[in-house]
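Below are two complexes that have subunit A in common, paired first with subunit B and then with subunit C.
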Partner chain A sequence: MSRPRFSLYLCGAALPRNRQARKRLETLLESLYPEGVELRVVDIQSDPEAAESAGILAAPTLIRQWPEPVLRIIGDFSDADGVRNLLE
Partner chain B sequence: MAVTPPDSPPGATATPTQCDYWLVLDTDWRILFASASLLERLEASDDRLVGQPFTALLAPHSQLPAATTPTGADGSHPDSPLELLLQDSAGRPLPLHFHLRALQTGHGLGSGWLLYTEDFDRQTLQLATELADLQERFSQLVMRNRTGLLVVGRDGRIRFANPAARGALGRSQDQLLGSEFGIPSVTGSTELDIVRANGELGVAEITASHSQWQGEPAWLVMIHDITERKRAEEALRYHAEHDALSGLANRALLLASLRRMLAQARRQQQPLALLYLDLNRFKTINDTLGHGIGDQVLMEAARRLRHCTRAGDLLARLGGDEFCVVIDMPHGEDDARAVAEKVRRAFREPYLVEHHRLHAEASIGIACHPRDGEDAEVLLRNADAAMYQAKREASGEPVFYRPALGERSHALLALETRLRKALARDEMRLRYQPVVRLRDLRLSGCEALLRWRSAGGRQRWPGQFVPVLESMGLILEVGDWALARACRQLAEWRAAGVMVPTVAVNLSPLQLGDASLVERVATLLETHDLVPSRLVLEITETAVMRAPDRTRMVLAELSRLGVGLHLDDFGTGHSSLSLLSRFPFDTLKIDRSFVRKLSEQPRQRQLLQAILSMADALGMGTVAEGVETARQLQILRELGCHAVQGFFLSRPLSAGNLARLATNESLAWLVTRRQRPGRNPAAGVYP
Partner chain C sequence: MNAAGPDRISTGVDGLDEILGGGYPHARNALVVGQAGTGKTLLSLAFLVEGGRHGERGVLVSFDETPTDLTDNVRSLGWDLGGIRIIDASPPPEEHAVGDQFDLAPLLLRLEHAIQASGARRVVLDAVDNFFSRLNVGEALARRETRRLLRWLKERGVTALLTVESGDGQLTRSGIAEYLCDTVIVLSLEVREHSATRHLRVAKLRGGRHSANNHPFLIGIDGPVVAPLSSLDLNYDVTDRLLGIGVAELDRMLGGGLLQGCTTLISGPAGSGKSTFGASFACAACDRGERALLLSFEESPEQIIRNMASAGLDLAAWRTAGLLEIVGSRPTKQGLENHLAEITGHVRRFDPAVVVLDPISCFTLIGNRDQITAMLIRLIDLLKSRQKTLLMTYLIRHQDEEEATALSVSSVADVWLVLRNVESGGEFNHGLYVVKNRGRKHSNQIREYRISDDGIQLPPVYVGPEGVLTGTARVALEARERNQRLARQQAIEVRKQRLAVRQERLQREIDRLRAEFQEEQLGLQEELRQLEEQEQQNHRDQQAMRSRRQGDPPGGNENP
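Up next is the complex of A and B:
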């Protein structure tokens, strides 16, 4: 069975607030999926086409490609419970 | 409320039934409201209909009669009857007999249309008009709000976007409605990046709250576009953290970034190196050519530094001519050595600024983390100490910090600190000691001597601070300053009509080793339009012997320029007479220690006699230094020494006093006045 697949779109992966958001997300994903996930991180600054084709309006945006349903979450993941409820 | 309900309700005679279908449309005939009964009849949901053009409800091939096309808000079609063929969601036709009434609100901002069936009662009409008005007020509030408002459904798709939201997201209504925004996960107000349709990036503050939209749970997302504010903040921060001239980080940002890099280096056990650079004698450039030229040199230096380093390296200007580079060293100290060597080579190239060819080589000190310091301040201080050692060594080689560099005495440190500021504070002075020709007792020239009066007010002799200047490498700057000052003085005397035959300036060994010395001297002569032979450079035996081959080359070039060359302090060093013939010196200066012993030791007289004869044979002039007594003067005259200087004749004088002395045809009075008994030979009286 393949692992859950996520894409995280960020604008400037090195910016402190983005690093924080990513860290929060990774912590959350670890607790939700102890078996691990595939997390692809896309920096919109270096790959604007990827953001465009995914129809990203704002960042950070997390897309869960699998398992279905495909989900899209926007924000800094500071609302951990909200995200957990969505993903569970 | 300014909506005027019709005086007599249409269809008032009909009893209200479940068939009281009605719709409120905006001026563009888009659906604002549909009655629940109509929605039910059409098997359509509210959120599918709202915002849609009314024509979407019409069955295929069915059209609005021409007379009902919107003509404005003037109520020109009051209660026009209208036969329309609608269709439900399954495509089943639904013929309805509507009345059309123009709705006019009191705001003058817009209007709408009310479509209602025969069975519409007065009460419902009242409700409809009130709703239309409310809708308009709400619309005005929402649509004109500068805060972007989005309604995002549970599925993350956009249900509604006001113009400000469209502006912030850089997309049209059509692009936004139904598109996926994402389910908001923010607490309070959160900064998010915005990706506009044209690829531009912006920043917005976003808040999200649970709400309802047409009966369904939804998020109300408020978007406050702060792109401009962020840009302004960034510009301010940039200004606060960067050096405006070079565009490099300033000291504050360097320290902050260095702390971060050190924390990371500790985690990853990756060594770091801090290179501390200082441009040799930058101050001279600033002082002689002005800050405009100096600034251009600094900008060019920053450019070279960028060129020598990688994109990830941290570059900073610490103020003045001091720069810093922080690099990580995956391969150990060789990495630091390689960068330092690259920088050194780049800085060896002359700077071409407004027709000037300027030299400002770099002295480089290196401190490595963790060996030479755990925190940013210690590392910076140790790299600074290493840089000063590099200056002292004057070989141009980068110097790695070692603990011994940090152990200089407190007093010396204090003196060094004051000396570093001495030039900037204009505490250095030149005094000019007359040299008198013995043949005719006329002024043959003078020697420029350095004096330093520090902030405390005490005047110091060169012996007290020149060795420290040399050990600090500062002698280059001070030496340059003295050279420039003396040349300017020659020009000033000339302008005042005073004839001072020559000014001799001392050159330190460090200056002799400086590749740009000859060019510097040539420039000064040219700048002040001086006859080259008016300028004399004094070089000690010790300095010559430090690098004889190189010195011979430099002296040959200086000699070609036409400046005078004196071999200074002769008799203190190697005293190799054979040396004299190999270097283009024109005059020998006999050291004071020689002169002092003259009257006591007959052997000294014979030695001096030999030296003077040799000098004569080589066609060199001779000057005896430190002449303090009449007896010494007498012996020197007998031995055939050409000229003398010393307290017996005169202390070093200010430029003004020397000028007054120079106006004397003969200086014989200097000798005779000192031969009167009872006078302290060290005290001077000047015209």
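Up next is the complex of A and C:
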């Protein structure tokens, strides 16, 4: 049984607002999936090709690869309920 | 930027360079606004395709259509998008925005990458508002990101084109995109009596003079075409070169022929040989080694060639020689504006010295008298400014018509030649006379003419049997009275039209001033908003710094 798979695309992962966004997402994912998830964090500042191949236009963008349907969520996760509604 | 304004970069759209004074301002941005189906994408793609023709690379960011769809759509125009780098920003399935705390940095990174890799100088962002609206982005964020995008593009020194849909979008609702961009082009579409007419208007051109006219905009077989209305003033070069019609006696009646750049109307009933006069004029031009364009709204080129062969005019030979082009165009296939754009397109491409329209009375099928006259005024403006000589024929169905529609049309002509069926002495003959020859002398005789396989002939003036002489004399007197009446009516008509044109120009001037004022107002409001935002930001920064000084150890580690 594989765990839900996510990719988070940030532009400048070390920036405070991005670190906060990442922290908020991790908290949210923990509460939604106590069994754990697979979260890949991509900093497109250092890897622009990744933005190209994933078709990223805005940051932060979260992509849920699994379970399907594939889902894209754009924003900094400060609206936790909004994100939860989409993931549930 | 020098006193003459920024350099220009060609638009790839026939006629648009002229309207913009050479093209889009170099290293600036231009906004193309219009509803769906007005041709925004084509207009912007033309800009990239044109670059490709000169070895200039381009980047396209498509927020609406996928690269496959785009390529398919332009294939019928014979366009090749192969040299253009396309960033596919079309909407993926299941895309959601939550809140509005995000920015377009990834897009800029990708754009940077594409520009650097290809060395592009031309960038198009198609349907940029689509991205904001599909993510339900608020007005403030849309404004902030657009401003950032435009500044970024300008820093790269590329010439950029953005297209947005007009209406209630985040960018157009408050006019913010119009305010932020250097050049604004508005496209519109009007459907009237089953034929669609597109228009293009330059609403803004920072650092350049432009006319606020609505120009007919047509999507032709090899791309978009704009028919520029001539500039605000009517300063034509005047020459005194005379062009023969190919009928020596008629040229003599007109004092030597038709002045180069003038407009001639030949009206007459069915079977009077109007087309033959038109074809004769075209052949006379070819004879001089000049190019002639013959547009027929009634018959096909092959029919015309056959008909004129029986009047001793060998059109086929001139066509083979490349001096004559014959185009058959059905009047009902499109609206008047599109006809104008089509004619303009032919004139630009073929660059003829003389243009023959045969017969313009066909346009009564698709427009009323005022619309036809307005279209002709615009066409004549264009031809005059290029010193091209126009001859148009008009079919008179009933005698009454002569004083109504033909009168209105004749008012825009410099020369008016009337063909008549004259019945006298128990004979039915063709007669012609010159009603007017603006600024020049002409004969006021009615002359008989015949069309045979030797062409058009004007036999010597009748001095024959008495009956015919009196008959001709009577007809001549009647015609003179009629001429005077027509001339009076025409004078009234001309004044009315001149007044209407002046009124229209005044209105445009008012509109322009109003638009300028609104822009200035928007600009001030925007500056104010920026200052306020900055003020708030300063305040926040100060607070953040204060709280960090308390919380963090001295010599903190990060950039704010």
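Basically, the second predicted complex is superposed on the first by the 88 of 88 C-alpha atoms of A that agree within 3 Å, B and C clash if a C-alpha of one lies under 4 Å from a C-alpha of the other, contacts with A are read in each partner's own complex, and residues count from 1 in each chain.
We take it that a contact is a pair of C-beta atoms (placed from the backbone, for glycine too) under 8 Å apart; a residue touches a chain by one contact, two chains touch by 3 or more.
Every value quoted in this text rests on a predicted model; they were computed, and no experiment measured them.
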{"item": "Partner chain(s) touched by A:86 [first = subunit B, second = subunit C, both, neither]", "value": "both"}
{"item": "Subunit B versus subunit C as contact partner of A:34, first or second or both or neither", "value": "neither"}
{"item": "First (subunit B), second (subunit C), both or neither touched by A:76", "value": "both"}
{"item": "Doubly contacted residues of subunit A, that is, touched by subunit B and again by subunit C", "value": "11-12, 17, 44-45, 48, 51-52, 55-61, 71-79, 82-83, 86"}
{"item": "Contact set on subunit A toward subunit C in their complex", "value": "9, 11-12, 14, 16-17, 21, 44-45, 48, 51-52, 55-61, 69-79, 82-83, 86"}
{"item": "Residue ranges of subunit C touching subunit A (in the complex, touch as defined)", "value": "88-89, 92-107, 109-110, 112-113, 131, 135, 558, 560"}
{"item": "Subunit B-facing residues of subunit A, complex", "value": "10-12, 17, 44-45, 48, 51-52, 55-62, 71-79, 82-83, 86"}
{"item": "Complex interface listing, subunit B residues touching subunit A", "value": "156, 169, 171, 179-188, 190-195, 199, 201, 204, 206, 208"}
